[in-house]
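Report on one structure; see the data block that follows.
Going by the order they are written in, the chains are A, B, C and D; count residues from 1 in each one.
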Amino acid sequence: MSVIAELRKTVAALHAELTRYQLVAWTSGNVSARVPGQELMVIKPSGVSYDDLAAENMIVCDLDGVVVEGDLSPSSDTAAHAYVYRAMPEVGGVVHTHSTYATAWAARGEAIACHLTAQADEFGGEIPIGPFALIGGDDIGKGIVETLTGHRSPAVLMRNHGVFTIGKDARAAVKAAVMCEDVARTAHLARVLGQPLPMAQADVDSLYDRYQNVYGQAGR
Amino acid sequence: MSVIAELRKTVAALHAELTRYQLVAWTSGNVSARVPGQELMVIKPSGVSYDDLAAENMIVCDLDGVVVEGDLSPSSDTAAHAYVYRAMPEVGGVVHTHSTYATAWAARGEAIACHLTAQADEFGGEIPIGPFALIGGDDIGKGIVETLTGHRSPAVLMRNHGVFTIGKDARAAVKAAVMCEDVARTAHLARVLGQPLPMAQADVDSLYDRYQNVYGQAGR
Amino acid sequence: MSVIAELRKTVAALHAELTRYQLVAWTSGNVSARVPGQELMVIKPSGVSYDDLAAENMIVCDLDGVVVEGDLSPSSDTAAHAYVYRAMPEVGGVVHTHSTYATAWAARGEAIACHLTAQADEFGGEIPIGPFALIGGDDIGKGIVETLTGHRSPAVLMRNHGVFTIGKDARAAVKAAVMCEDVARTAHLARVLGQPLPMAQADVDSLYDRYQNVYGQAGR
Amino acid sequence: MSVIAELRKTVAALHAELTRYQLVAWTSGNVSARVPGQELMVIKPSGVSYDDLAAENMIVCDLDGVVVEGDLSPSSDTAAHAYVYRAMPEVGGVVHTHSTYATAWAARGEAIACHLTAQADEFGGEIPIGPFALIGGDDIGKGIVETLTGHRSPAVLMRNHGVFTIGKDARAAVKAAVMCEDVARTAHLARVLGQPLPMAQADVDSLYDRYQNVYGQAGR
């Protein structure tokens, strides 16, 4: 199978994680993957139900968001994904959701401070807030890139909007989206009845370092 | 297949979206569709479990709610659906639920102000409150029509009751019901820990305009 | 099939509604049915997983809770079910759960006031609080019967414990358990951000009367 | 089947309870079992999806956490599980999760006081808080053992981290993890709108004693 055929399959299949973890309603979230070594990306078609996604109806675009393969229009968030791939060469996957708890933090424009080991592991500290930006041009993409450049977190909470996550590949970006909602929910609930206890910065650093370098299976 | 046979199938199947998104408990929500070009509608039978719905047991009524085809009684909300079809010729589908978060706003008689891009997209601003009205006559239908006429929102929160949504067809009304609960939940959670940040009216207008005219696949 | 064989099947199957609506965790809820015209009831075995329930392992007890058919011990709540059947001849089904939101009201000893049409329909007003009572004798049964006798509500919130519901048959009691949690959840959320609007007693009465006498399919 | 083969199957299968009750996100929880009569344990591999778990990819370690059988790395929490087995010979199963509500209590460092009969049954009183501890050495294990030794509760809320539970076997530890989240959720909700009513210590004691000695099927 060609690299693009493989990525079509992977990107279609990864959307099932968005529904499994209830990060999306109707057609409100999307996954993309960079095609390594080519100026191309694979992304969800716009307004198509998750049940109907398949390798065949994924869209291949160039990194300006122009469709190269596919009969349908690409996700209305294509410009944002494309901007990220152009600006951040180390990024191989991008995910966008309006997952409930994370978006509630985004609606208040409030970053999620780090009070959980799981957040330290995956995000290395706070999950930051990005600017308010309108869809349709480069503003969302710019907001994502400016917020995440030089930041440990692979997730940004775009103000009054929702979540964008990045990763070395699409699977890593999906994982970040799942963990972002999980952490946002726990942090919300902790705050409802009081204040979470602080974690020392050295402990956050140590957890982040270990998780990025030791966790999981070597070579995966 | 005749138009009515097709709509029986569509309406029966769309109830699966109400259960998938947990908008209903037991038999507490219903979907209907107008039969285009005829003074008829297709609607759920009353008090029948979602698992038991099929094209065959959907009820066909005229727009006064009188049964034309079907062995069972139609939904107890038939009068409200029928009133909407009589008063709003552009409406092709109606949905009713008591979805949890939206109904909590309805219990307080509190409209959901627009602080989310997803709400601007689908609802074009706030989701309004309709009056308290008793079931069994035209009062609920009147309350829906008076609230939604001239309003961008396809959803109304009926006081102390629940949600009614409208759409160009049944699928669009179901989508509005799904998005109404999604937005109601996020708005609730945002408010629990503070105040969501305001969105400029021009931004809300711009998002609404784009979503209604650009999003999804052309001709769908 | 004999009446008892039929009820074994029905009672086993109805437990799937408890899991579907997430009213139970592990083995923490149970359904029973009176055998009409006999001094017998059919009930869940104690500590058996919902996945493993089948007509064959349901327990038949007399109305003192003594096992008549079945190799396993009956539910540890058998004494409470039996007491209800002895004291309330019109009751044909009993359900017990620790469903989350309803139990949270029970933990505070706070009745759920009626601010929703769905609550007026099914419960005819508030859902009352029953006393704290220890398991193992007649105290729980007495508390249920004393609270629900002469009350419209088929559900009682036993203090610091959970929910018991009654119905003309097991299916009706399961429905009451599902609707009790649904109403408890919506009422909780409504209260978190303010006060639900009052409903006039005459409206509550009217809704209750209509729902008990008109809703659903005649003869069902 | 050998004891180890049997335990590989059991431990793999029990992870399905963690996903069924939504106690875990992505790969964030794990189950282990002691191999009776041998200085060995069976545990989940690190960073492997729950869908991909099978008897064949479970890891067998000695009680210092050194892999004895298996091609993958064991769970990154292996050291904590191993410490518990070394220090508490009566423990046959250990479970770790970051289940949402329990972890919210852990983030505040707040023990869950006992206001529910279900909590008295399973936990015999409050669910305690353990210390903050970094992963990678014996600190988490020590914190678990010091908190649970001489305590009735089979669950400990590790500060800013999550839940560890113990049991006579892996199934019992999984049950404790399920009930811990259930109780944590109900207790959270009860507190959101006020204060749960106190339970007398004698009642808590009586419920705990009965549940440990009478509930379920004899010999199970």
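We adopt the following convention: a residue touches a chain if its C-beta (ideal position, glycine included) is under 8 Å from a C-beta of that chain, and two chains touch if they have at least 3 such contacts.
Please read these numbers as outputs of a predicted model, since none were measured by experiment.
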Touching chain A and also chain C, the following chains: B, D
Farthest-lying chain, centroid of Cα atoms versus that of chain D: B
Cα superposition of chain B on its sequence copy chain C - rotation in ° rounded to nearest 5: 90
Gap in Å, rounded to a whole number, between the CA centres of chain D and chain A: 31
Two or more partner chains touched - positions in chain A: 192
Chain-level touch network, classified as line, ring, star, complete or other: ring
Each pair of chains that touches, named by its two labels: A-B, A-D, B-C, C-D
Sites on chain B touched by chain C in the complex: 25-28, 45-48, 72-73, 76, 98, 100-101, 103-105, 107-110, 132, 134-136, 159-162, 188, 191-192
Residue numbers on chain D that touch chain C, as the complex places them: 21, 115-118, 175, 178-179, 181-182, 185-187, 189-190, 192-197, 199, 203, 206-207, 210, 214-218, 220
